[in-house]
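Each structure below appears as C-alpha cells.
Two complexes come next, and they have one chain in common, chain A, joined by chain B in the first and chain C in the second.
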Partner chain A sequence: MAANGDTLTSQSYIQHHLTNAKACFTDEGLSFNYACSDAGFWTWHIDTLAWSIILGLVFILSFRSVAKKASTGVPGKFQCAVEMIVEFVGKSVKDTYHGDSKLIAPLALTIFMWVFLLNCMDWIPVDWVGTLSSLIAGESWQTIESGQSHVYHKIVPTTDLNMTFGLSFGVFALMIFYGIKIKGVGGFLKELYAHPFNTPWLYWFNLILETIALIAKPVSLALRLFGNLYAAELIFILIATIGLYQLPVHFVWAAFHLLVIPLQAFIFMMLTIVYLSMMSEDH
Partner chain B sequence: MNINATLIGESIAFFVFVFFTMKYVWPQLNGAIEARQKQIAEGLAASEQAEKDLELAKKEATKKLKEAKAEAAAIIEQAKKREALILEEAVDKARAESDKVLALGQAELEAERNRAREDLRKQVSILAVAGAEKIIARSIDAKAQADILDQLVEEL
Partner chain C sequence: MTLIAVAILIGLGALGTALGFGLLGGKFLEASARQPELAPQLQVKMFIVAGLIDAIAMIGVGIALYMLFVIGV
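Here is the complex of A and B:
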C-alpha cells in the first residue's frame, strides 16, 4: 500500500475519503477498521452512527427547546425559523396526506430536518475532519497526505448506504404498518395480488408486479438520496485533488449544493408522505 | 459501500427520533402556531370591526354636526326675524309717542293762541270802546249809544 506515484496517491486519497470508520467485535474484543474485514454483517460504521445521532440530537434538542418555550406571544427569531419549517412541513403533509394520523407530520418533520442536517455535512471541506482525526490519532502529516492514514472518517452519513437504507426501511415498515392498520391484513394482501388485473388467472402476475412496485419504493428512496450525496461527495473529493484551483471550483460546487441539499431532504420527505398516503387509501 | 449492522442502528435511531418528535416537539410547536394564528385572526377581525365602528361613528358625527348647524342656522334666522320685529315695534311705538306729543303740543299751542286772541279781542274792544267813548263823549251821550257798542263788541 505504499504510495509510489501520483495516480496511486490520488487514488488512495479518494479511496481513503470514501471509506467509513468500522468497528466490530472479534475474538480479541472490540476491533476497528482492517480487523473488521471478516466481521461481515456485524460491522458498525461508527462515523456514520456518531454523526447521524449527533445531528439527530441537534435537531430534536433545538426544536425541543423552542417547543418548550413556544407561546402564542411574539416569537423570537429562532422560534420564527423553527415555526416556518414546522408550518412548511405541516402544509406539505396537509396537501398530500388526507388521512387522519398524528404520526405523519412529525415523521415528515423528522425526516426533513434530519436528512437536511446530514446532507449539510457535505459542505464541510472533505479534508478537515478526517485530517483532524488522523492528527489526533498520531498519524504523520506525510501519511495523511498520501491517503495512507489508518484512521478513517467519513463525515457525511447520507453517503453511506446503511444510513439511507436505515431511513427508507423505517419508512417501509411504517408503510406496511399503515397499510395493514387501515386496510387490514386481507385488504393489504389483496392489493398485492388483485391489482391491477382483477382476474384470478392473472393473480400471479399481479403479485410479481405489485411486490416489485412495493419493494422499489424504499429502495428508490434510499438509492436516490445515497446516489445524489455520494456523487456530490465524490466530486468534492475530486475537486480537492486538483490543487490550488480547487478554491473557486469548490465554491461553485458548494454553492450548487445550496440547491441539492435541501431539495434531497424535501424529496425524501415528500415521497415518504406520498407513499404513506398511498398506503392509507383504498383503491 | 457494504450493508452492515449500521443499518439496524440507523433504523432504531430513526424511530427514536420520530417518536421523540411526535411526542415532545410537533404537538407543542403546532399548537403554538395554531393558537397564534387564531389569535391573529381574532385580532384582525376585531380591528376590522373597530374600523367599521369608527366609520359608523364618523358618519354619525357628521350627521350630528349637520343637524347642529341647521339648528343653529334656524335659531339665527328666528333671532333675526325677532330682532326686525322688535325694531319695527319700537319704531312704531316711538312714532306714535312722538305723534302724541306733537298733537298735544299743537293743541296746547292752539288753546294758547285762542286765549291770546280772545284776550287781544277783549283788549281791542276795550280800547275801541275807550276810544269811541272818548270820541263820543265829545259828541254824544254814552248811554244812548250803548247798544251799538255792545253790538260792536259782539262782532269782534
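Here is the complex of A and C:
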C-alpha cells in the first residue's frame, strides 16, 4: 500500500483490505507479506488459516458442549438453536440422500456450520480487525490512518480462493471415493464413458462430456462461494470509503446479508449432498 | 471503456436476475396455489435456486465494482 505515495486513495484502501497476510520461507527464514510476493506456491495465507481453524474449533467445541449437557429437562436457548440446526440439516440430508451412509449427515452439518461461521466474519466492520492487528504490530496511529500500514489482515476466510477451493476439493475427493466405493472402479469408469450415449463409437465423446461435468462441480462450488463473499466484502469496503453517510448504507447491506450468508452456506451444503447422492446412485 | 464494461456487467446481470427471479417466483406462487401442501418443500427448493441465480449476478457486480474502483477508469 505504501508503494504509491503518501495519500490514502480509495484504490489503495480497497487493495489493502483485500490482501491476505502471507507467510513463507525465504533464505532468511520465515518472512511475511512483501518478502513473499514472489515466493510462488508455498505461500501461506496465515489469516485465512488462523480464522478458519479458530472458527472450526468454535463450532466443534460449542456443539460438543451442548451435546454433553443435553438432558430431558427444559432446554436452554442455545441448546434449542443447536437442536434446530441439527434437525434441519438432518432433514435436508434425509430428503436428498437416499443411500446408507454414516458420514453424510455429520459432513453436511460441519460444512453448513463452518461455512456459515466463516461467512459471518463478513459482518465484522472492515476496519476493526485490520487496525487492531496493525496496532498490536506496533505501528503508530498516524501510519495506519494515512494508509501506510504494512500489516495485512483479511478476516473473511471465504473471500480467499484457497479456502473455498480447499473445501470443494475435499468434497470432490469424497465424491470420487463414494463413487468407487459404491459402484466399484468399473462402475465408476463406466459412468464416465458410457453415460449419455451407450454406443461404443461415441465413448470418446461421452468421456469428454462427463469429465468436464465432473470437474465443473468442485470448481463451480468453490467459485460461487468465493464470488459471492468477495463481492459482498468488496462492497462493504466501498461503502466504508464514502464518509459519514456510510452508516445507514452499511446497515442496509448488512441486513441483506442476513439472507445471503446463511443461503450460501446452505447451498454449499445442499450441493455437497446432491453431488454425493448422484455419485452413490446406480443408473 | 471501463465505464461501458461496468455498465454492461451490472445492467445485463440485473436483467438476467430479474427475469430469473420473475419466472422462479411466479412458478412458485402458481405451484403453491395449486397444491398448498407442497409449499414448504417448494420454498426450500426455491431458495436453493434463488441462491444459484443470485450468485452469478452478485459475482458480476463484484467484478464490475472492482474494475471501477480498484483498477480505475
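By our rule, the second predicted complex is superposed on the first by the 271 of 283 C-alpha atoms of A that agree within 3 Å, B and C clash if a C-alpha of one lies under 4 Å from a C-alpha of the other, contacts with A are read in each partner's own complex, and residues count from 1 in each chain.
The definition used in the following text is that contacts are C-beta pairs under 8 Å (C-beta built on N, C-alpha and C of every residue); 3 or more make two chains touch, one makes a residue touch a chain.
Remember, it's a predicted structure, so these values are computed and weren't measured experimentally.
Chain B and chain C, once both complexes are superposed via chain A, fit side by side. Once chain A of one complex is fitted onto chain A of the other, the partner contacts of A:90 are limited to chain B, with no touch recorded for chain C. Touch criterion met: A:52 reaches chain B, while chain C stays clear of it.
In the superposition on chain A, contact is made by A:109 with chain B only, not with chain C. Judged by the number of chain A residues each one touches, B leads among chain B and chain C.
Judged by the touch definition given at the top, the superposed model places A:82 against chain B, while chain C stays out of reach. Seen from the Cα centre of chain A, chain B and chain C lie 80° apart once the structures are superposed, a value rounded to the nearest 10. Applying the stated contact rule after C-alpha superposition, one finds that A:261 touches neither chain B nor chain C. In the superposition on chain A, A:162 makes contact with chain B only, while chain C stays out of contact range.
In the superposition on chain A, contact of A:66 is made with chain B only, not with chain C.
Of all C-alpha pairs linking chain B and chain C after the chain A fit, the shortest spans 13 Å.
The touching residues of chain B, counted against chain A in their complex, run 1-11, 13-15, 17-18, 20-22, 24-26, 28-33, 35-36, 39.
Only residues 10-11, 14-15, 18, 92, 95, 223-224, 227-228, 230-232, 234-235, 238, 260, 263-264, 266-267, 270 of chain A touch chain C when the two sit together in their complex.
On chain C, the positions that touch chain A within their shared complex are 41, 44, 47-48, 50-52, 54-55, 58-59, 61-63, 65-66, 69-70, 72. Within the complex, the chain A residues that touch chain B are 20, 39-45, 48-49, 52-53, 56, 59-60, 63-64, 66-68, 70-72, 75, 82-83, 86-87, 90, 102-103, 105-107, 109-110, 114, 157, 160-163, 165-167, 169-170, 173.
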